[in-house]
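Next up: the structures, one after another.
Next come two complexes, and both contain chain A; in the first it sits with chain B, in the second with chain C.
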Partner chain A sequence: MSENIKFSPWLDSSQKPYIQIQNVTKRFGEFTAIDNLTLDIYKNEFFSLLGPSGCGKTTLLRMLAGFEKITDGKILVDGEDISEIPPHLRPINMMFQSYALFPHMTVEKNIAFGLKQDNLPTNEINQRVEEMLELVELTDFANRKPNQLSGGQSQRVALARSLAKRPKLLLLDEPLGALDKRLREQTQFELMDIQEKLEVTFVIVTHDQEEAMTVSSRIGVMDSGNLVQVATPTEIYEAPINKDVADFIGDVNILKGIYKGQNEVGTQLFSEDSNSIVFATQEVGASVEDEMWFAIRPEKLEISKVAPSHDHNILKGTIEDIAYGGSFSTYHVKLDNGRILKAIRANRERTKEHHLTWDDEVYLQWAPHSAVVLLS
Partner chain B sequence: MKKFGSFNIFSLIVGFSFLYIPIILLILFSFNESRLVTVWGGFSTKWYGELLQNQGIKDAAWVTIKVAFVSSTIATILGTIAGLVMTRFGNFKGRTLFSGMIYAPMVMPEVIIGLSTLLMFVALAIDRGIFTVTLAHITFSMCYVAVVVQSRMSSYDDSLTEAALDLGCTPFRTFILITLPIILPAVISGWLLSFTLSLDDLVIASFTSGPGSTTLPMKIYSMVRLGVTPEINAVSTILVGVVTLGVITASLIGRRQKQQILKTQHT
Partner chain C sequence: MQTNPNFFKSIFNGRNAVIAIPYIWLLLLFLLPFIYVLKISFAETIYARPPYSSLLIWGDSWLPSIKASFDNYLFLFSDSLYIKAYLSSLKIAFISTILTLIIGYSIAYSVARAPTRWRGILLMLVILPFWTSFLIRVYAWIGILKTEGLLNLALMSIGIIEKPLMIMNTDLAVYIGIVYSYLPFMILPLYANLEKMDMSLLEAAADLGCRPFKTFWTVTVPLSLSGIIAGCFLVFIPVMGEFVIPDLLGGSETLMIGKVLWTEFFYNRDWPVASAVAILLLAILVVPIMLYQRSQEKAIS
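This part shows the complex of A and B:
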């Protein structure tokens, strides 16, 4: 995956974006589904649109495919304005959430369908279908009908069918939504391998934040028709732009407080939860007495029964609940003011007792660089 | 399986007897040796042979088949289009009015349909004949096709159409290659339904036919006025047979299709 870290064309100003969504608005009657959205996606990216249902992510995808007309703005692919091109003439293919396999055709015919529309010679069609079947490991199922396939197999046929035409851009609408957890995780890696092998640009819509984190080069978090944040999975997780993003991606503890200025450690916040000043390294432009928040991920909150030697960034509470997750345990700690925070600790020792148990008095502490300062 | 109580069995027998004893009697007496319709004179198929000699009945049968075939085919095309439109275009303004207007002929008294079409033909000075009967049959059987197709389309996954477009298929080819094959069973059962409807229609045909376009039900009706003969029993039996076959085929197709839909939904 070291290649993936180096792959960051969005930081290179000499790179030309492959897909340019420019000031796109989509209205359904009175309802605005997409509100003046601008986004650049680069070649070979695995880009995720992530957001709660109704945020407009599927509408955006359907506009890329051509199934929804753009109310305002335009979309360019490889420099060409595709806004007015009907779906059957776009160099873009889509994998549907329901897979949409043609029930009256065999697996082979389903995959060949798009190629036949281009009037390719028969031997080339056969060769490409063969390649695709090998790619998704379904060679033995070529003559099955869709109703004789399992969910995972259907998903792979749908993928093969949408890739058969070697599109410039592949759109995936909740591609793994119908699969069970184990299969989904396995398929995520397969998708990444295929994407790397074929060098196709993928845009995927999902509401599953774990899935987006696993597969994407970048994630666009959407809410009410707007892009809230576009960044790599790491940035989204470690440096969310606001409380909503922090809360939507993974678990988070949010401490509310009043800004008390900077000192040599960093930002000082008077926390209502600890009734004291807490610190974060990150510096922000805010004026004293502004309301702001610290976001701390549960795994970055250290939990112990022993009082720390230093005196800042400490919260005291009692263990209310323990969720044993095998490799780690999640502790719900009730603070004196009644708020519950989550702390995660890896279970590194193979003992029955993890030294912490219900109703234990514990101290929660965090390093100043672990907290994210949020202004909204 | 639930057990039938004696009361249920009793009502079942009474109900079915009420429905089918007349038809069974008709079929039985079509195989009667005797010329007297109500007296059993032994088994014979001679009245079926006699039928073949009766030019009037043969002509009427031929007219009926022609009318039924042409009208059901055209009604199927129009009804399919209507059914597709009603599901495809979602909630456009006046949708309820339109769908109501499509279904109205199902509940409209046949006499009214017959009379109004007759008045129209007279007003337009169209000579009545096979052509006018066919037209009238198209109007009233089209709505049945529309209903069957619309109910199939309600479980049709629109992303199938989108997937075909997405793969480079033109909208028209998509209809021919994807939509039509998938809804074909519904279209066929719609055709069979309108074929049988046209086959046994008496009222509308009486209003809209002219000289030389007497249909079989009309012929039977006029023959009965001169007294019931075993020949009528025979021709009616054939008609019952054809209609039953049509209806059974249509419902079998419908059932198979339902099972297929269930099957695809389960996987």
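This part shows the complex of A and C:
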């Protein structure tokens, strides 16, 4: 996203974070769901908490909403400690994974519910409900009951209801989980539009890494109750800090390397897979003979039948499998030692053959800046 | 005329036989007795066995003449005792339904919100009294409520009261007995309803700024309405005709139609008037029964 280049308050030390999660721990009996977690989120961010199920992302969201009591630490919103404030007094709204629409109320009444709690005058409530219905394009469905709505419509009502009070912070718990792929992609863009238009800070919980990549200003990758990496989608994808993050976000080939020192190209690693030295531009602080890994995304592996003219960063193998994906093809290449690597090539020419086929002997090569060196 | 053997086969197939069981049951155990009582209610009292006149008089013509009278019904309206008894029954049934609802709702709510492993045990405790005969449980209340009963002894021994409370043989004793006896009928449908309620709705209400007390009235109660209606009818309808509890715990001034019916039947041996009382009671109850049916159908759809 282009605006992300401009929008990066986390790099600006004069900016004050809007949400400050400070050394928060949450225990359920013996089980530690969140382990001493610290995180700053800035105004107007679209922040994703991403991780496998059971990593504590939903617990963290529920603590922001006030449904779970913090065992230790505190959460500040706009400088104010909200840890002890009950959910109904927090200036935060949440969109539930199950949508949690009130089944006995019409769409209109569902959206008006939060506004009524603030005792706003009736005409203001009506006007606000109208606005929200327009925003989510459900004006014609105002008098329907939730059981008369499709999944996508319910999702919109839930969004409208959580936005009706104009919260400064909106929490979204797997908001698109129940939608089919097409609708999900469409809704992702709508969410981004709405977020920009209303200038609300969004914190979204998801296990769908593609979704997180698409919508987020930053992603916090979580694992067993803590943050592993907090960075922009591009950084997470291109510069993951460890094998787990690299593996969790997108497809990746992870190869072992033995550190052999630096030279003018960069880091030199000995790879057992190619039985030669490979180069990576990234510099690492390590001592000779240290074991480490280098990760190459499939689209950064160039696949060809012709032997390259240079002699480094090359792996040789045979095509084991081809997954034709229309716009691109994924090749599973079996190295001589039996390891299988993935390489992706865009199908730029309209031919049936694409030149490469099963059992072809191929060379995989990559530029030294394309691989990321991982110490753990 | 030739009968098709398949005709009988098609009537007495397994499917029809299964469907027939409830119909035969209702026919034998509801409709026939009902017609019998209805018939008696149009007859006159006579000293005979059975103690009522026949409706069909076989005279000279080959068709019997019908001798039915509405006198018994007119009599119910001419003597204020019956009207008073109906109204008093309605009042007692109404008040005790409300009391049962308030107590039953709080019990059902706390059971439904209890940790899952406790729910079965708590529900068991609600049903447990059914293991003892209804009559014995009502008798037990006499021991608790009478002047020198357990309640008065306990209250006097800890010094809350000096003179024993006169609860036995009053309307209060009847209310206590009814609420106690009918509580499970209120709790079970309410529990079934509250237990399956989506807790995230309560969280959503809180999230939108609704205080817990208001959430209860705007979300929990409306969503448990079908349970409330079911429980209320399950209590109201049988309490209307209740006889044992007012007879054992109530005083001479406790007027309920069930007691009147019993008196007519056993003391006065006036079967026709007793039948008319029963038929009129049924007519009064048909309205709430139909309302109950409709709410159940609505709940299903």
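We take it that the second predicted complex is superposed on the first by the 375 of 376 C-alpha atoms of A that agree within 3 Å, B and C clash if a C-alpha of one lies under 4 Å from a C-alpha of the other, contacts with A are read in each partner's own complex, and residues count from 1 in each chain.
One rule holds for everything that comes next: a residue touches a chain if its C-beta (ideal position, glycine included) is under 8 Å from a C-beta of that chain, and two chains touch if they have at least 3 such contacts.
Remember, it's a predicted structure, so these values are computed and weren't measured experimentally.
Chemist: Using the superposition on chain A, decide if chain B and chain C clash or fit.
Modeler: Verdict on chain A: clash between chain B and chain C.
Chemist: Is A:182 contacted by the first partner chain B, the second partner chain C, both or neither?
Modeler: Neither: A:182 stays clear of chain B and chain C.
Chemist: Between chain B and chain C, whom does A:350 touch in the aligned arrangement: first, second, both, or neither?
Modeler: neither
Chemist: Once chain A of both complexes is superposed, is A:147 in touch with chain B (first), chain C (second), both, or neither?
Modeler: After superposing on A, A:147 lies in contact with chain B but is clear of chain C.
Chemist: Once the shared chain is lined up, is A:118 touching chain B (first), chain C (second), both, or neither of them?
Modeler: In the superposition, A:118 contacts both chain B and chain C.
Chemist: Quick one: classify A:102 as touching chain B (first), chain C (second), both or neither.
Modeler: After superposition on chain A, A:102 lies in contact with both partners, chain B and chain C.
Chemist: Looking at the overlay, what does A:310 touch: chain B (first), chain C (second), both, or neither?
Modeler: Neither partner.
Chemist: Among the partners chain B and chain C, which is in contact with a greater number of residues of chain A?
Modeler: After superposition, B is the partner touching more of chain A.
Chemist: Taking the two structures together, which residues of chain A meet both chain B and chain C?
Modeler: After superposing on chain A, chain A residues 65-67, 86-89, 92-94, 96, 98, 100, 102-104, 113-114, 117-118, 161-162, 165 contact both chain B and chain C.
Chemist: Write out the stretch or stretches of chain A touching chain C in their complex.
Modeler: Interface residues on the chain A side: 65-67, 86-89, 92-94, 96, 98, 100-104, 113-114, 117-118, 161-162, 165.
Chemist: Once bound in the complex, which stretches of chain A touch chain B?
Modeler: Contact set of chain A toward chain B: 65-67, 86-89, 92-94, 96-98, 100, 102-104, 113-114, 117-118, 146-151, 154, 161-162, 165.
Chemist: Which of the residues in chain C end up touching chain A in this complex?
Modeler: So the residues of chain C touching chain A come out as 198, 200-201, 203-212, 214, 218-219, 222-223.
Chemist: What residues on chain B touch chain A, complex-wise?
Modeler: 157, 159-160, 162-171, 173-174, 178, 181-182, 260, 263-264, 267
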